[in-house]
Amino acid sequence: MSESQYPDPIRRFLRLFVGNSVVERILISVAALVTAVVVSSLIVLVAGYLSGEAYNPLEIFAVLVNGAFGSPFDLDSARLITEGWSPINFSMGTTLKETTLLIFAGLAVAVAFRGDLFNIGVQGQLVLGGLAAALALVWVAPFVPSGLVGTVLLIPFGLFVGAVVGGLYGAIPGALKAYADANEVITTIMLNTIATGSAFFLVSAYFADPTLQSVKTRPIPDFARLNGIVFPQGGQFSLVALALALLATVGIYYLLRYTSFGYDLRVSGKQAKAALYGGANAERMVVSTMTLSGALGGIAGAMWSMMVIGAWRQGVPSIGFDGITVSVLAGNNPIGVIPASLLFGVLKGGSNAINFQLGVPPELVAVLRGMIILFIAMPEAFRMLGNRLGVKPDPAATAGGGSDE
Amino acid sequence: MENITKRFPGVVANDQVSLEVERGSVHTLLGENGAGKSTLMNVLYGLYQQEGGTVYLNGEEMSFQTPQDAIDAGIGMIHQHFMLVDTMTVAENVTLGNEPRKWNGLAYDAKRAREAVRELSETYNFDLDPTDRIEDISVGEKQRVEILKTLYRGADVLIFDEPTAVLTPQEVDDLFRIVDELTEQGKTLIFITHKLGEAMEISDDITVLRDGENVGTADPETATRESLAELMVGREVMLDVEKTDRVPGDPVLSVDDLIVENDDGVRQVDDVDLTVHEGEILGIAGVDGNGQSQLVDSVVGLEVPDEGTVELYGEDVTDVSRREHIKRGMSFVPEDRQARGLVMDFDLVENALLGNQYDPSFTNGPRVNWGTTREHAVDIIDEYDVRTPNAATSSESLSGGNQQKFIVGREILRDSDVLVASHPTRGVDVGSIEFIHDQLLELRDEGKGVLLVSSKLDEVQQLSDRIAVIYEGEIMDVVDPDGVTDRDIGLLMAGEMPETYGGDAE
Amino acid sequence: MSDAPPDGALTRMARWAATVGRIPRLVFGSLLVAAIFGAVINLTMPGSRASTVVGIFDTSFVESTLRIAVPIVFAGLGGIFAEKSGVINIGLEGLLIISAFTAVAVTHLLGGDAQSTVWIGLFAGVLASTLLALVFAVLVIEFKADQIIAGLAVWLVGLGLAPFLSIVIWGNVNSASIATLNTVTVPGLAEIPVVGPILFDASPIVILMLVTILVSWFVLNRTSFGRWIEASGENPSSLDTAGIDVHRVRYIGVVLSGVLSGLGGAGLVVGRTGRFIGGGQTMINGDGFIAITTYLFGNYNPIGTAAAGILFAGLEALQIRLQQIPFIPAPTELIRLVPYVAVIIVLAFVGYTRIPSEVGEHYESGEE
């Protein structure tokens, strides 16, 4: 199949798939996403058939997306827009809440990935970061005046504690990798379990709220929490948190692109030998990268405690693993983490809707999560597809000197 | 092989090349890097399919789709980079893919494999023990294992790809003896090389390739080095470099009692003393793998030696970090440019920052000044003949020679008084080699000190004011290049002290 | 793996013991020491706390350990084949999860209590994980995906699919119960003290596991294919120029990891638990990652890997029993973490394991 068979505009459009790196990556992410949705739909169809329920994948995804935004589109009646819908609603709040947490988790994973490190331990880092933040706030709050002054002091303090604890917990697998050459995928996964178990133990044994039966800390005082502004109270979402998340994204982008440390990190991630040649200290690079990554995870955990629950309790949702999906979808680029988090936030925000309205288990999102990574893992497949359709990369882009034999 | 044409995206590697080889002869394919020699042989070996032309073996037309077809037809290839499994034995490597079986094909018959290999080794006088592990034997022996592999599969035509690249002069002699042994047994050999001297010594016929074309055959009895070089490069080539005399000044870099041990406690660098003075090039000659990399790594700060000291401008820098080395003024052109010297995915601007990312002229505090860096990249490109459309191209798309020139430029513009160059012209085209040599000599003339490590003996001889020969981590001797013969250096490289220097010319 | 010339029987045994590796020697050595120590305590201080602790280690403890070891050892052996050929399979966990779930699901859907149904379920479980491993193989070998990311994908696919499908079928992340395989008893031999009940009155899965360990060792060390696997991971071009298809060898290696993990996951449910627990990290609970540690620890030697796997399983079995002893001062939640901490400690000390040179690298014929 040769290229000339396609009309020019299509050819130029297809050529975007191969060669141009940023556009290419976005297209690959989108393609992976679409494929993941299609395959998951097939699975849902088959599962439904096997279990005697009739699931309609189109309906499911429509309700999912719609529900994430609070059902702006009225799917049942003839009207297009639901009466009385406003963007400020409970579901939208949920979606944005998920998005905010995912941004931090995604940034955590992305930072590590850029340094060629696989931090699968964000879950553990956020569990411990969240617990530390909750406990610290409960302990310190009585000494601080309530009201706006207290809020301004305590919110950064809580986030800071979360970052420190998360960072330390991230430094452990970092040091193990740097000095003992221990595979960080396995150590971080083990540390996840250890974190969850230890946190459970610490709270149930020492820090539990005596008025409750469950494994939960005392509540964080109201003024030390990230409360809903603009969005309805009880919606567990604070616009301030989202603003902080966006700020963090810009900060990480700046760090990677415009600082010496960021340069060293990126070079270490691409070619460790070149980084050493350029003067980087390999061990310190690994530890600091994992610490930074852990700190971001810790902040995600602190936000969860402060914004969503108002305390720390056992059964922390799997934000850490979703962060991996987000980062992979975003091509490990901090700026990309924002749309990727929004996307995944929509999926999670809408999962309540599909549960209530259609009886579809919200665990569908976990299926999608795996599928997305599966299809992102094969950029080459899409490139090969592009090649087979007859589209060759722009010759200038890959002009090489002849091979040196 | 008649009119073979082979194309790759963007380049015609072989353009209507014809080649005739007589049975039982040694035929050499001579040419520079990139001339198309390996490609042509890969077509013969079935690794590539040609776009045009035919291959004839013993008068019959052959079509090789895979190496297996070529092997079946009796063609064997001994690659430049050995394809041996380090953890397995000689016998296992030789029989890989054609293992003798027992128990009805279920299990591997180790005993029969050993015996077959032992027999073969004795027939050709290879002196190999089938139970030795590859990781334990010498480079020369590894090459013989490769040869044995082809013979085990019944090769009558053997193709050697750059066989002497990693051998000492003595091992080269051993190889040539084996070549005689093989031709005596009726084998046909094809050598691929860019080394004029060896081509002339060993071949019965020489075919020269340049830029993908067959530019002529030569008779080694009548050709001269200059005439062959001219054929290879297409213009008159000055094989000698003009060097002005200089009196070296104070020491700028010195190494004393340096010892580097590997994980098993074996000394890679054994009690080395060296001094580089202002205005001199000190060359380190030796076959690759005799401790040069470890020595260089210790000098530039990538490794801390186990014992001994390194002094830069009179100050002890033995334990000092790599970053500090750079700061104090040490430039380093590394041997593997694609792994160490450049980040392939980065463009030239980002690569210009490598080593400079903490330099105050490129940063404001923790922030990188990309504007300055971009100007710097442009400077390097302009002044060091880097052929590239602009600074924003990814370094991956540059040719080897241009990549190397970029690195050399970046390191020289660091304006340090010491430059360490490790195999600076490896895999680089002739024009770039000339350029880089000129740069090194210019540094010397300006009064800087250069430590040159290279396995290309003529390069070391032409450029250096003094030559230190390294063998198994020890400096055998430091000699004056004008006062010793190739044979003397060859002996030193193999670990032997010549009785006197400047004996009979070879 | 050396072809040493044959000599006397004793020397040969000593040499064989050396090839089996330092880990089994370490394990068996410490077991021997511990056994002697325990016997002494039991004899000299019966009824004391010490002897209660020692009393944990009885035959049923060993049987328990072996059953817990099933997913770890099978996945570990599978992992050897994959990684030795050059493909690191991080997704063993996902393969275990999928096979465990499928085995339960199929058995349940077929209905009834017959042993044959259970065997079919086992087979279905193996099939499921093999298919998933094949997808992984295609991704990584054909489409040059990053092996770690693809492995993570396999894991997350398993982790997501199993609970989801479980809810669809049973309305809960945990499944209903199914029948399990009956133990196989060899009359007469089962009466032998200590060894008898363990080996000759055991679940067929455990027996299969022990057989697989030996067969794996044989294939890797005594067949041509075993050498091709090694060459594929160390220097694939040597295999290529010898005329063997490197991709095919790697496909087989990865598919084998799928089959063996399938036996591990499905074997766990049909041989021991009888249901699928999908909450949290599912019942597999990190066994796939522990398995990777076992073959790093065991240096890609099946015997060493199995020994390490049994060691970790033993820690798990120990942890369960310790929870029941009232005077142990540590809280149960922390005791439960012992195996995971052990994995980290092992990894820290074993980091210097020599990994096959070309692991993680894609191979293309004709690339020089």
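Lettered A, B and C in written order, each chain numbered from 1.
Following the convention adopted for this analysis, contacts are C-beta pairs under 8 Å (C-beta built on N, C-alpha and C of every residue); 3 or more make two chains touch, one makes a residue touch a chain.
These figures come from a predicted structure and were not determined experimentally.
Of all the chains, the one whose CA centre sits at the greatest distance from that of chain A is B.
Chain pairs A-C and B-C differ in how many C-beta pairs they share in contact, with the greater number at A-C.
Distance between chain centres (mean CA atoms), chain A to chain B: 47 Å. If you average the Cα atoms of chain A and of chain C, the two centres end up 32 Å apart. Inter-chain spacing, taken between the CA centroids of chain B and chain C, is 45 Å.
For chain A, residues that reach two or more other chains under the stated contact definition are 405. Looking at chain B, one finds that residues 38 touch two or more other chains. Each of the following residues of chain C touches two or more other chains: 368.
By the touch criterion given at the top, residues 90, 94, 109, 135, 139, 143-146, 148-150, 152-161, 163-165, 167-169, 173, 281, 285-286, 289, 292-293, 296, 331, 333-334, 336-337, 340-341, 343-344, 347-352, 368 of chain C touch chain A in their complex. Against chain C, the residues of chain A that register as touching in their complex are 43, 47-48, 50-51, 53, 118, 120, 176, 180-183, 185-187, 189-191, 193-194, 197-198, 200-201, 204-205, 321, 324-325, 328, 361, 363-371, 373-374, 376-381, 384, 405. Residues 1-5, 218, 222-224, 226-228, 230-231, 234-235, 237-244, 357, 365-366, 368 of chain C touch chain B in their complex.
By the touch rule above, chain A contacts chain B in their complex via residues 258-261, 263-264, 267, 270-271, 273-274, 276-281, 395-405. Only residues 38, 42, 47-48, 66-68, 71, 77, 79, 81, 83-89, 91-93, 96-99, 101, 106-108, 110-111, 113-114, 130-131, 133, 149 of chain B touch chain C when the two sit together in their complex.
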